[in-house]
Every structure is written in C-alpha cells, then in structure tokens.
C-alpha cells in the first residue's frame, strides 16, 4: 500500500495532462459553440483561425525575443498574445465582411455556411503554411517547469514524480480567467444579452433595435480572442504546427457537441469530458494498482481498457454514447 | 368514438394536461375551447401521438391507441392539423397535397423502378384530386408556388387541404380558423359540414371564434387548467358563468370614441 | 427570397433580416423620385407602395396605408392579399420598387428597420415574434433594448395588461401556449414605448376574453397618442374600434374609410368580413 | 441546357489535360472522377433527398475498401489454423453480448436496475470477449507478420467485392442508423464522423483483419496487367499498327478497362436514382426533409425512411470505396483522411447542386479534376510570379516551396467562388 | 528513342515525416548521376537525367500516383526509391511490377519487402529491419538490459521493425512490458507516455521518426519524468533531434545502418566537396542505389528492366574489379568492354537474398549532444 505514490502517479499521468488538454479543448469549443449559437453554423475554419492567431503571436514573440524582451519565467508569448488576438480578429472581421456577410444577407442556409467555412479553412490553412511554413515551430521560453520531476523526487523522496510545466499552469489559470470574463459578459451585460437575443431570433432582434452587424462583429472578435488564446496555450504546451491545428478541429467539435452545441457551459464541460476520457480509457492502471494493493496482489496485465492506438477513437466513442442517452448533448444545446 | 380517460401530461413540474377525460362521438363535430394555455394543443399532441402522456389512456373505437406514433394513427384514419402551420416549404403547393395519401405504390422503390406505368396512373388521379381541393380552398392559382412562400392564412388553408386528400375517420383541427379570412372561413365551415354529413368524418376542433364553433359544433367541451371544465351545447356554454369568467369575457369595455 | 436560392429548403421566412441595402431601393439610384412632401399627410404613411419579395413578382401595387397619432388603423382583406407584406414594407423589411414611406412628413424609405425602431416604430410580426429560448422577462427587456431609462414601470404596465405573463416571467417563452406567446409578443413591442405600434394579427389564436382585453388595451394605448396600425382577421371587432379601415385585395387598396363606414358597407361585409 | 454546357466544359478540361499533360493523367482523372461521382451520388441521396447530415463518408468508403481485401485476397491458411476459429468465436461472443444487452434494455423496465444490469453485462462481456479474442488475434498476427499476419480474404474474383462492399457498408449503416438516426442534424453529423473515425481506427489497428497499417498491397485486378499486355504479341501488334508506344498504350488500355466498368456502374446507379427521385418516393423523401413532424402526421414513417435512405446512401459509398480500392490495388488505412474523403465529397455535392443527381455527378468530376490539377497549376503560378526575382532570392525560394500548399488555398477560393455565383450549386435542384 | 537521355526517377519523401533527410539523399543520388555524365554517360554516350517526385513517405496513394506519372508520362527507365517501406511496397506492387520497371530503394527497410512479389524488380541498398531488430536486441543484451517498453510509429515501417525487434529480444529472454504505437504528426503524446510509464521498463525503445512522433514521445517522456534513456532506431538518427531535445538525450543510444572502409571514406571526401552531409542517414545508400542502376543498365546494354534486372546483383557482388565512389566512369568503361565489376560503393554493397544489403550497423551513444560511435555490428 502506497497511497501517496499511487496518487502522485495518477496526478502526473492522468489528472494534470488531461486538465491542461481539457482546458485547451474547452477554449476552442467555446469559440465553436459561440459561432454556432449566434451565427448559426458549424465553423470548420475554427482550427485554422486558431492556427492563424497563434502564428501571429509566434511571429511577435520572435520579434520580442529578438529585441531582448522577456517576462522572466513566464513565456514571452503571453506578451505577444494581444497582438495575436488583434491579428486573428482582423482576419475574421475581414473574412466576415468579404464572405460571410454576403451569405447572411442572402439568408443562406446553415449548410451553405458550413461549406463556405470549409472553403475558408482551406484558405486559412494555405495562408498559415505559406507564411510560417509547415514545420514545428517552438516559441516557448522562460522556465519550462513550475515543478520538475527531479525537483519533486528530491524534495519528497517519493518514487513517483509530480511534474507541472509552466505551460500547463498558465493554461489552467488563463482558461479560468477567460471563461469567467466570457460568462460575465454574456449574462450580465446588455451587449451580451443582445447577443443571446440575436442568437435566438435574428429577425426579432432587429425589430428590437439590436444591430445585427454589431452583434456579429462582437461575436467574431470574441471568437478570435478565444481562438488565439486557445491556440497559443496549446502551442506553448505542446507544439505549433499548422496541420495539428487542423486536426484539433475534431476533438474540439466533439467537445462542443458532447456539451451541447450552442451551450457555453456545455463546451467547457465537453472539453474536459473528452480530454479525461481520452486519457483515462487508455491509461494503464497497473502501476497505480501495484502501489495500492498489498504486495504480490498487483495485476500482471496492464489494466488498460483499450490500447493507446484507440485514443482518438475513444473520444468519439464517448461522444456517441453521450449522444445516445442525451441526444442534444449534456447541456441541451440547440439543434438543427 | 375517441375516449380520453384521465390523461396527464406534465412538463417538468408543470401540469399542462391534468387529468382530462372526454369523449368524442363518432360522426360528431366537437368543439374544444378554453383559455390560452389550457392544455388543448397539448392534449391534441397526446392524442395524435406527438407527445406521450405522463399517464392516462386514449382509445379509438375501443382500441387502445395511447402512444402510437403519428404515422400509425394516420393509417388508422386519425388526422390532425397544426396550430402553427407545418407546410413542406420547398415543395409546391400541389405536391404538398399529393404527398398525403397513404400507401401510394410509388412510395416503394421497387415500384418506382419497375412499375412505372402503374405509378403514372395513380399520379394522374392524385393530381386531379389535389387540384380540386386547391380550387375549393381558392388557392388554385398558387398550385405551382413553393409552399414556403404562402401567406400565413394560405398556409392554414393548406393544412386543411391535406386532410381533404384522404378518407379520414377522425380529424383534429387545431385552430384552422385563426388567421383565415372570415368569408373564406364560412366556406371552410361548409366544407367541414359537408365532409361530416356526406362522408361521415368525425371532427374535433380547437377554435377561439365562437361564431364558427356555434355554427358547426353540436357539442362543445371547455378546458381550463388542464382539465375539462364543462361540456354542452354552444348556448349552454355561453351561458355558463365559469366559462364566461375564464374564457369568454363580457365583450369590449371601452368603445372607440 | 424565392429568387435568391441561397435558402434552406423549408427555411422560415427570414425576409426581415435585411438591414439597409438591397437590390432595388427607392432613391436616386433606381431613378424613382421621392414623392413631394405633403404636410397634410398622415403621421405615418406608406404611400403608393409597389414591391415584392426578392426578385419575385410585385405583390403590392400602388398600395397606400397610413395612420395618425392616437388613431387606430386596421387593415383587412382576404388571405394572401398582401396585408403582412404591406406592413413589412412600411417597416422597411422589403425593397420597394415604387412609392415611399414617411414618418412625420420625413421620407424614411431608405432607413433600415432598426433605425425605424429608434424613430419610435414598433412591430409585432405575424409569426416567430418572440425569443423562444429567453425567459418572458428577458423578452420584455430585449424589447426595451434601445431605451436607456428605467424600464421597470413599463414592465409593470405590461404585466398588468397580461397578468399570466407575470406568473410565467421566468419561463422560457418557447414553452408557452400559442395565445400566451402572442401576449409576450405584444408586450415586447410595448416595451419600446413606441410612437407607432404595428401589429400583424395580434389576436390570432387568443381567447375571446384576452382578445377583448387586448383590444381594450390597444384603445387605451391609442388614447395616449400612439398610432396603431394593425392587420386583423377578427375584422368586425377590429373595425369597431378602428378610426380608419383599409381593405386590401391583391395588393391594392379596394376600399378605404372609417371603421364604421366599412362595417356599414354591404359589399365589404359580404366579401371580406364573413357576412 | 446549362447542365449540358457544364458537362461539356468538364469534358473539355479533361481532354485539355490529356493533350497538355498526358492521356494517362487524363484517364486517371476520369476514373477517379467516376468513383467520386458515385460517392457524391451516395451523399446526395442522404443529404439532398432526405436531409441527413452524414459526415462519416470516409468510414463507409473504407469499409468498401475492406471488402476488396476480404473478397479478393487469397486466404492465409496458416493464420486460419493459428486462430481463425477462435477469432470467429470471439466475434460471435461479442455480437452475442451486444444483442443480450439490447435485449435487457428492451425487456426490463426503465430504472436503475436496468442500467445496472446492462452495465454489468457489457463490462463482463467486454472482458470475456477480450479473453477469447486477444490470444486469437495475437496468434494470427504472429504468422509471418512481415508479409501476412492476417487471415487473408476469400480469394474470389475482385468484382464480387463491389456489391459486397456495398453490403458491408449497408450493414454498418443499419447498425449506426438504428442507434444514431434519432439525433438531430449536427449531432448526427458528428456521431457519424466519430463512427467513421472508429472504423478507421479498427482498420489501422486490427492487423488480423487487413494487416492494419502494414497495408494490403497487390490486390487482384478485374483488368489485365500492363506487363501482360506489353508481352502479348497481339496487343503490341495492334497498337503498333496505330503507331503508339506499347508501354503507354498498355497503361491506357488498362485505364480504359477500368473506365468501362466504372461507367457501367455509374450509369446504372444514376438511372436508379433518377427514377427514384422523380417518383412519389422522392416526393415523400423531400417532404420528410422539409418537415419531419408534418410528414409523420401525414402517415409517413420517418424513422424507417431515414434508415432506408441512410442504408442506401451508405451502400453506394461502400460500393464506391470498393471500386476505388480495386483501382488503387491496395488498402491503405492511413490514407483515409476526413479532409480527403468526407469534406471533399461534400464539396462535390454542394458545388454540384444538392438534391440533383446530375449535379452530384458533375460536382464529382469537376472537384476531382481541380483537386488533381490545382497542384501543378499552383506550381506554375508560383514559377511565373517569381520568374522576375533573382535565383538566389530568399523570397523566391520561399514562394516556390510554398507552392505545394497553394493546392488547399486554390481549392478554397474555387469553392467560395462557386458558392457565391451559384449558391445552390452548379445544377440546382429544379 | 535510343539516343536521348536515360531518365531515372528519384522518388523520395520531399514532404512528410522524413523531409529533413531527403535533401541529402537526393543530392548524393544526383551526385552519382553527374559523375557518370561527366565521364561520358552510359550505353555509348547517353546521359542520365533525374526526374524527382514526392513519395510523401506515408501516403501510398500519392506515392503511387507520383510513380505512375514518372513511368507513363516522363518515361523513366528505373526508379531510385522509394524511401519509406509502406509507400515502397505500394509503388512496387501497383506501378513497378505492372509496368515492368526496376526499383532500388536506399532506405525501405521493412522485412516484408524481402519476400514481396516483385518479379525480381526490387532491390535495396539498406538492410532489412529483420537484421536491425537483431542488432538492437543484441545491443540491449550486451548492456544487460532485459526489460524495455517499446513504442513504434504506427505505420508499416514502425510496426514491422517492432515485430522484428520483439521477436529477437524475447528469443534472447528479454521482456517487453508494452508495445504501444504512436501516430505521427500529433502534438500530444501524454496518453501514450502514461501507458508506457505504467508498464515500466529500463529503457524506452523508440522506433519512430526523429522529427515526428518519435521526438514528441521523447519530449513527453522526459517532461513527465518517466524515462530518461532511450534506444533509437534508424529513423531517429538525425542531428536535429539532439539539437531540439538537448542535454537530456545524453546517455541514450541506438543503431543506424553504417559502414566503414575505403568506400565510405572515399564517399566522405566526395560528399564534403559537394557540401553534402555524408553522416546524414541514407545518403550513402542513395548514392549506391543510383550507381547500381546505372551500372546494371550498362552491363545489360539496355534500359529495359527485364534485361538489366538480372545484372544488378552481378555488378554489386564479386567477382570483378572493386569500384569505389568516384570511380563510376571507370566502372562504365569496364562494363562496356565486357568486363565485370564488384561495386563497393559508399556502403560496401553486398546484395544478399532477394537483393538487399547484408547490413552493417553503427552502435552509437549520445554524448554532449553528439552521436558517438561505440562499435560496428
């Protein structure tokens, strides 16, 4: 019996990574869900919007690093993030003006918008690869760890190590702040309420004097901010590569949908559900059990529900199961 | 005969229908009235299989039909219209009608591929029928129009028209009159009477227009707060204090100056 | 909208999401000259309006409707006559090919609907006229979106007018019955404290007692100096309280007169008011 | 009329690439265009006729590909000996557990007891299944893993794999439809996407089935091999008379062979779809698409119809998948990417005009053509743009390197342009 | 037609998981071509011309299409390539065999290719992973390591190598605690590391690509503090890996196909002159592959694969005059005169079995951010 080691191992390999990943997914899913709720379509270009915002952040980070600026232990990228948000906002506003607005005026069906966003996904994707290339880019600096494996072992003398990377800590903190801000905005401010009204019944919002263009613009700006924050955090924590951001689209949508499309709370919960299920279902509990059980009782097998090869499939299996029991997601999103 | 016995339908804690018990006699035209929110539409939805009741039973000619899916009820001759029009928006008005009859042989893929002559014949007959109905409803000039482009009242007429495409046994009409021009409504009333007398349709109609109800219905059921408040002829109803208080009111207080 | 083709099949009519801009707008570009200013004209008037949906055929032909402060004007007519279309045209949700809309003598033909809201116009459409996912109270709040003053008084008035709404204020409006929704819709419009209130069949589906109540309130509202322009199929009751009545047939004015005149006219009664 | 012009335009484009590049390239485009057109038809049935938002196209296509392996490849006797029977037993056990769980769900009254019983049954069943299955799978996979390590197929003529691919996809669609068709549009979409990902994960990781990521290569062909043609005296003489190079002629002949087969399939499917769409069946489907509640009230069994069309559309996708794998001569699970197989097919349907069969076919050809040709065009464009820059300029190399990515960008622009100027597709529904 | 240049396809993954080593491979193959052309070409003065195409390393469909274009549209007489085992097998089965074109791959190492149905058209200048698996197992045995965790890139190469490695390792009594695949191109490998860590083991054997998932796995493992020594296979051998991960790599070890001797140093000199990094994986093999193709054609006096395919083994192996890198002109002359050569090349080419390199490996250990040779095997 070694509760402490078991706990630390579980924290280190399941809880912390899944929390950080979950927070990143949640931020991404919030963007998707907002677009869905307010502009009424599934935005397939979201992953690449994230990539674009992150790319701008990276470029600025490099410039700052070049100029010798830094934030000490905190990554310089946080300093660059506002510029990244600005860049992403400019991009989506420009896109809205050049592309979406036309379809909005034509009262185009949602599926047309979905396909349009697929087109934009291709375009953003090309632009990002064109500017920054296809390769991995590293832009993290500052201290890599808040708590590193060696320090932890030395300090505690435990066999297992607990590690907390700076990027993970920052991810969690930033996510909490951003989500709090967003909810305050949506539920308490007039603008936020008018966005919900617009989401509900565009025509009637108009008749109440709510300006659709303003609502749309604010929505895009918020979405750009969320996308950039999510993308930057993800890039800091993992790595930046345009193609991975495109792939992120799937778990992000899975999160938004598990939670219930159009429901911000759902998006957050969904992000964590997906992240935790991915990690737990494929985690081999052998080690934890060996610590927990009396000597000699430890399992021979790995006690792993499914091989990590099914990691990706797991999140979808969870998704399908959730939908079977709650057909519009955990938090009753909108549908159709 | 349709018998509704002690039907409850609760939404969360709210009791939209709260123990409704009533009978609709075969061959009758029964009116169902009551204040807004009395649970009339909800009761219709329960009878027509759109909602399943929290408890209670619905029988039709002695057979239990509780919880059967709408398409099944349709095949048993139970039809309904919607309070908020449910047209097939992208199809033409005429197609909206032609799709109604059940068991068209062309609805089977096999026939669609290999028995095309038979389908052609059936279609010709359907087309003729649809055009007659449209003419009757005074919207025959719109037969090639997309149903989504109809005006509010025209959509209501189309709702009614669908029930005229088949030989129904029982038809539930949820405020067909709302939004329909009164002159036209008169004609619609004639049609309902004719269907009832000549073809033996049973009707149950929700309506807020007392003149219309009075003209057509032998029996009027009044619902309030999810239950049947009272039942009787139109004159009895109009005289009933409780009905006046809850539903009819005493007419305009302020006249325009 | 039928002509544009971007639509969902089966999409609901969203023709009112058309702020500003459009294909054919009266003004210098289209070459139609605004009608000369006329100081004796009514407070709000849609004058000789011609137009239709999208690129489709004209639905309104030279149609005129107007109302003065404190007056109730009622539009009646057969289904599909263009009554709703005329209302939408007055509210700027339709591109006019001819004619003009004037408020207080000023040409507002080119204003977007939300600018018209700011000028004191309010509109209750015939269908989808509430925010279904928001509570009753939030619906009312949204009605007062452009107001910066204290809205509690107005809200209390609305609850007085429709007591059932007070009970249901925390319920999502989409869960209400047909008639209750209608009450929310009118309440929302009243929250703007409009100078002109436009109602498209406000009494469709409401019970007789509520209808009477509603008409009473409309009269009261009118007495405070607000202009009321409404479409009604419960035409007899409506014309009884109307100062002005318009009968539209196929997009044109067929009869115009005071409410009493129209009620007295045999032709009108037989053909449009159900005898 | 517009249709005729558009089809002529696409044909001209393909002929042009035949003249400018090579007839091999052009025929390659035609063949994949035919396959794409069939896929687009399948999606069009589901979306265009019935409004079912299926973005799991990739999964059904992959199942078709699996059929090609299971039918066409020769069986691996040793592997069957090593664990074939046991594996089949495991699969039967798995199916039994699921059936039992479904039975429990149906028979028992709703409540905690039912949930509990089902959970216990499923979890217990899962471990029992693993106990039988794991050793069988590893025994099979241990049989000469470098070249086989799987059960192999039935060794039947590969053409048989096409209908079987359709059946396999249909069976999967039936199972998916039974559970997921109750979902509303976007939810259904993501559920199908998820299931497709699961299908691919299985194909990638279950080596005993189709060698997983080790790929199955060298599938038998329904048409002769180039080398055989080149060695056949008659053929060489024949093409010699035409003055053609036998190597090139042989590969063209092979492609023409595929083309004839594919054309026949497309022709039949197109006829069936057209007849269906124009019949009362098609009208009923459109009614369901427009308003499910009303259609249900008008006596149409919406659930059953949805299931029917979902199965039919998926079967067409499976058929196309089997055809494509036959054409490729290999099953490569890693090649099944949503971008390529789901999004691209959707783009075909929407650009072509959803609800219109000819539109789907046109979209299939046009988009495939662009998908293939945009890359060289992008390269050429970049070269032209950078021609003025000095050889060593960093910008020049950057731009030229980036040319490869222009493919996505150009695709996007084309898509937006089409949607802007032909919003309901090039050949709209009516 | 018999007078024009002889085209040879170079089918390598210019994009994809090994894009960082492909430029070196191409450059050395093209160096062989220019040496031959400078010496007067083959078959009585016909010049060689390279036609490049992208194999993508992982996308078999794309590779097949590219190869098909080379054969049908460019008319190549042979293909130098492809690089990764998966695409190589696909191109072989779908293009080379049907069209009767020979391929020599410098780097496709999957054991499956040894027995592929190839009409004798396929050769490789690198050894099979069956051999690499043995070598890796031996290295572990020599260090007395008997429990390891294994992770492989989830493709034909990774899976094949892990099969081969585990077979040898278990045969010598070792224990593999977990054999987990990883996908390339993902950003997050924490789930994989979680499982591997729980399974435990003295070292983590990484059978992947050094600028893809393999690198990600190592990063994650180091971050989580679960493994600190890694054994690396051929796909992981690249300087960029050491540069990116840094000091933590010290102490890790592995093997890479290698050779020493006269030929290797001769190649080194040539490569230095041409500014090619001779140390980068598979550059030498690429040079040799190209040289073998040219010599075989010369020996057969034909560019028809059916005629020259039987000559590949002849020119590669004894008997005959040994040929070092840089002496290709001389070889052509000998062959033209009807003599025989024994190509030594940059890797001591000796083709065995169905035409693949016998296989020498360099065992290395990472020290101070550099690869340091331990021994040759």
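Should a chain be cited, it is by its letter among A, B, C, D and E, assigned in written order, with residues numbered from 1 in that chain.
The working rule: contacts are C-beta pairs under 8 Å (C-beta built on N, C-alpha and C of every residue); 3 or more make two chains touch, one makes a residue touch a chain.
Everything numeric here is computed off the predicted structure, so don't read it as measured data.
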Notebook entry, point to check: Relative to subunit D, which chain has the most distant C-alpha mean position?
Noted result: C
Margin query: On a CA-centroid basis, which chain has its centre farthest from subunit B's?
Written below: E
Item checked: Chain pair, A-D or B-D, that carries the greater number of C-beta contacts -> A-D
Note to self: Using mean CA coordinates as chain centres, what's the gap between subunit D and subunit E in Å?
What the structure shows: 33
Notebook entry, point to check: How many Å are there between the centre of subunit C and the centre of subunit D, using C-alpha atoms for each centre?
Noted result: 52
Notebook entry, point to check: Where the centres are mean C-alpha positions, what is the separation of subunit C from subunit E, in Å?
Noted result: 78
Notebook entry, point to check: At which residue positions does subunit E touch at least two other chains?
Noted result: 15, 154, 181
Note to self: Among all residues of subunit B, which ones touch two or more of the remaining chains?
What the structure shows: 88-90
Check: Mind pulling the subunit C residues that touch 2 or more other chains?
Finding: 1, 4, 6, 9-11
Margin query: For the complex, give me every residue of subunit D touching subunit A.
Written below: 47, 53, 179-180, 182-187, 189-191, 193-195, 197-198, 201-202, 204-205, 338-339, 343, 346-347, 350, 354, 401-402, 405-413, 415-416, 419-420, 423
Checklist line | Residue ranges of subunit C touching subunit A (in the complex, touch as defined) | finding: 1, 4, 6-9, 11, 14-19, 21, 91, 113-114, 117-118, 122-123, 125, 128-134, 138, 141-143, 145-146, 188-189, 192
Next item on the list: Using the touch rule from the top, collect the residues of subunit E that touch subunit D in their complex.
Entry: 15, 58-61, 64-65, 68-69, 71-73, 75, 86, 89-90, 92-94, 97-100, 110-112, 114-117, 119, 130, 154-156, 158-160, 163-164, 181
Next item on the list: Going by the contact rule at the top, pick out the subunit B residues touching subunit C in the complex.
Entry: 11, 33-39, 41, 83-84, 88-90, 139, 142, 146, 148-154, 156-157, 175, 178-186, 208-210, 246-256
Notebook entry, point to check: subunit D touches which residues of subunit A in the complex?
Noted result: 36, 42, 44, 99, 102-103, 106, 108, 111-112, 115-116, 118-123, 125-127, 129-130, 133-134, 246, 250, 253-254, 257, 261, 307, 309-310, 312-313, 315-317, 319-320, 323-324, 327-329, 335-336
